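In structure tokens below, several structures.
What follows is chain A paired twice: with chain B in the first complex and chain C in the second.
Right, the complex of A and B next:
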């Protein structure tokens, strides 16, 4: 027994620190979620400081569940996270496989590919929404205007004119609108996080066994079969890592949502927490607990799925 | 069928010529072994035959058909790698069946063939395990199984046993030999272990720096090495080779005498020396003899046991009809 005591003892500070680190915020959130606690209230000044006498039971949870934005926020959180995961994994694998071959200028291409990852999220969002996606001033607006100009030109021509006039004018899409703002967020975060996936997949590809590939070539496997039966299973674990890490990060997206549409039609759970936290700390805490539960469900579900499908 | 003809094949990596133009014919059903020191180009030659490495020049024909431009999978050859190269995410069953699956064979037929191969290799109990859960010897068997199911016209082995321990190596050596006897398929086997070469081969190809030094049956190479390199390379312990007055007495530039063809006496003989280390194997004794004036060290092999001590005087007498003579170019004089 005694030879186990010492290691345990030595681990204690780290474990304690971790517990404190996690348990105190979680405990406070739980506590606040069960009491009435607002930042200011003229009618009920006693609610402005946290105290057990303001106990509300599951009242905050009920309030959050009934608020009109809650279901939307959960749906949106899942929609945004899953879309980003899907896109970054697919793009990440494609790009990693592509640049894994040796070619001239490889070093520069790799550095350029990684660079989006070093842009700050808020800057990324501002750049995308104003300079790329803006329907008038952004690249999108300019491109659509250009295409329309060409179509106009064709309409003036003697022969083709009749045919071209059947074509409609193109309308630029406003990405700040209720229906499209989530798409804008997905695009900009995918752009930013694909390099992360590429980086992880690339290191994994470099450790792939070349003799296995040669054996597969002799066994009659073509490029696709080699990819499907050797490379993809080999990437199983890195894919799981990319999915897990990104799921955790993107469930708490905030800056992009704030900048694109101020949450208009596109709230996720953290944004909802932020809105409640303007005044109602109790409701914000209850939403926070929902967010924790959602994150755990997503994590378990994703781990199972990735594990099952790829390890075959 | 599986006759393989190499016609002036050569290989360079950049400016380095690893294999100068080389001709070789491997007959159908033959067990051919490539031996040579490390880095002499054995693996490269084998990979060229398999199609994994392009030829710099020359041509390869299998059964009279030029396959120089034919992709590896269409050459009808199967290869077993030193590292086994099993597919780690697939079960043994899937591993063995993989080449058949790539041929789009139907599942029932694949299952049947995999079971047949697994039975002959004693792998039935492991079919549902992954390679990571097998011992080295079992992995080797799976790799062989994957080669067998394709029913290839020739097998290529690249040092397949070098990752196994000594006892297992002897066992697998016998199994592969037996497999060859049974199937009578052409096999090309690369090794630098000359015991493997001597015991398994119908024909040995000795390579040095990409050049064929001699081609022949194991006993040919043992009794009639064509040059000093082959003489020194084949046989264990190594042949004693020396130049100088003793060689000139025999009318040669260099002479060689195998340790087992030297008689030993404590009282009289042709050459006198002192005993260095004596290695007792029980069945045989190897004595390393110093101060003979012939070479740094002369090794002799005596069957049975003999009691000699370090520093004892000893007399050696070569069996006259077993002396190999070589000229100044290192070529054999008959």
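Right, the complex of A and C next:
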């Protein structure tokens, strides 16, 4: 076989598989987004199977854009993703710089730190919302009850008790509620993904130019200016990559939201799609197309970054 | 100069203490889950038994009765192992061709493969359910293996590509001179040389398959349901079953966390597509 044909042949299975995987479901989503298609309808049974005769044009898109939940879901998606990105990048840099120098037990600390990243998302969410954040039986509830007991004791004391207005009663927070469930999701995902940021920043710090650093120290640069003018610029690229990879993953966050609150007041785009898909497949598909567009905006930037280093 | 003096003091005392503090803080939720798994369900919610209690193995011994754990674990093993093997089977030849016989299109093909990874799963879930039910594959191992393979294929090809690129072309060329055919090249020369890279790719793909929680939950009901599905189904025990739920969670994530410790380095390479070194 000739030298040119064979390489192509070896790639063909992979390319074909991915092509089918991309085109067929996405094509169907696109098709469903332009027709009336519901799972149950007593009034219009003809809508319950996909057919071109139920063409709706951009009707599904209009319906989705007009629904109040859509704006909410976009806002919430962005709020959750941005909060997680902000926290993981800041924490990641701080921790990476902290543990990058040798100290006793560095290897063990690394292992402890990276562990959360390998916990499956379903376990992560169940563990946090029940065992840790539950307002009564979780650690949060137990801690708040303990603090209140101590404050109660202070109130009973002969002299200090007189200042009873100083000893407030604390209320545990329910993280399954509408306003707080997004916070719980942000907490658990930040816990899981900070290790990822730390790992990448550490890898990058190890390739930092040490001679340049020594020269800066000789010139009398303090710790802060070394960090500000040498380390931070060196981390620019890894930061961009951490931000974009996480954005891709977190835009499709689902398990955590489902487990924490069943989307109670805290829907993101994938969750809204799931809700529409309970009956209105047309609207779910139109929302899906919006999600694809949103992901692509992020993806273009990421691909450009990665593409630059490719083939080097 | 005061800053320098301070920073050296920080290096010898402050840094280790702070670093250990952060490490333990991040590990604490996992530690807590493991600790709770040795408490009875009743003890698990009593403040007086927070750290001191009579440990019991009952939660682990009763995992089969309580949750039918082994059935889900078996499905997780079958789907993750098969998907990992299938992914390697497709990706090793592809990455081999791209690394050693690149064409002008190779770069674009690689970028395109990566872009398939960015398709939001929720956007194509319903068509997948529709198709799977249509051809009678819904809730089968085959379906889950196929989906897991496809979502991990781009990552596998990228990782292998970055490993293979490091191998000197001359070695492969020398094999060609000796009249070895392509299959022989892969088997006799490439695989022994890139064994480490292939193994760590396999490990990482296996971890991703095991932890996957979107497709596996939504495309199964009973027959092919994995551990993700089991845990998701017990999301709100209302404090009644903290002990047993911790045990089954520990059993679900324990092996993977330990595996993860061994492939930290590969994780960086795999997840950043070789862009951070």
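Things to note:
Keep this in mind: the second predicted complex is superposed on the first by the 272 of 312 C-alpha atoms of A that agree within 3 Å, B and C clash if a C-alpha of one lies under 4 Å from a C-alpha of the other, contacts with A are read in each partner's own complex, and residues count from 1 in each chain.
Criterion: a contact is a pair of C-beta atoms (placed from the backbone, for glycine too) under 8 Å apart; a residue touches a chain by one contact, two chains touch by 3 or more.
Remember, predicted model here, so these are calculated numbers, not experimental data.
Of the two partner chains placed by the overlay, only chain C lies in contact with A:196; chain B stays clear of it. When both complexes are overlaid on chain A, the residue A:292 reaches chain C alone and has no touch with chain B.
In the superposition on chain A, A:278 contacts neither chain B nor chain C. In the superposition on chain A, contact of A:41 is made with neither chain B nor chain C.
More residues of chain A are touched by C (comparison of chain B with chain C). Residue contacts after overlaying the shared chain place A:209 against chain B, while chain C stays out of touching range. By the document's definition of touching, neither partner reaches A:179: not chain B, not chain C.
Looking at the shared chain after the overlay, A:117 reaches chain C, while chain B stays out of its contact range.
Common to the chain B and chain C interfaces on chain A are residues 311. Note for the complex: chain C touches chain A at residues 3-4, 7, 11, 15-16, 18-20, 22-24, 26-27, 29-30, 32-33, 36, 45, 47, 50, 90-91, 93-94, 96-98, 100-103, 107, 109-128, 130-131, 149-150, 153-154, 157, 182, 207, 210-211, 213-214, 217, 227-228, 231-232, 234-237, 239, 242, 245-246, 249, 252-253, 256-257, 259-261, 264-265, 267-268, 271-277. For chain B in complex with chain A, the touching residues are 50-52, 72-73, 77-79, 81, 83, 85-90, 98-99, 102-103, 146, 150. Those residues of chain A that touch chain C in the shared complex are 1, 3-4, 6-8, 10-11, 13-15, 17-18, 21-22, 24-26, 28-29, 32, 95, 98-99, 101, 103-106, 108-123, 125-132, 134, 136-137, 139, 142, 145-146, 191, 194-196, 199-200, 203-204, 207, 222-223, 237-238, 241, 245, 248, 251-252, 254-255, 258-259, 269-270, 273-274, 277, 281, 284-285, 288-289, 291-292, 294-296, 298-299, 302-303, 305-307, 309-311. The residues of chain A lying in touch with chain B in their complex are 209, 211-212, 214-221, 225, 229-230, 233-234, 236, 311-312.
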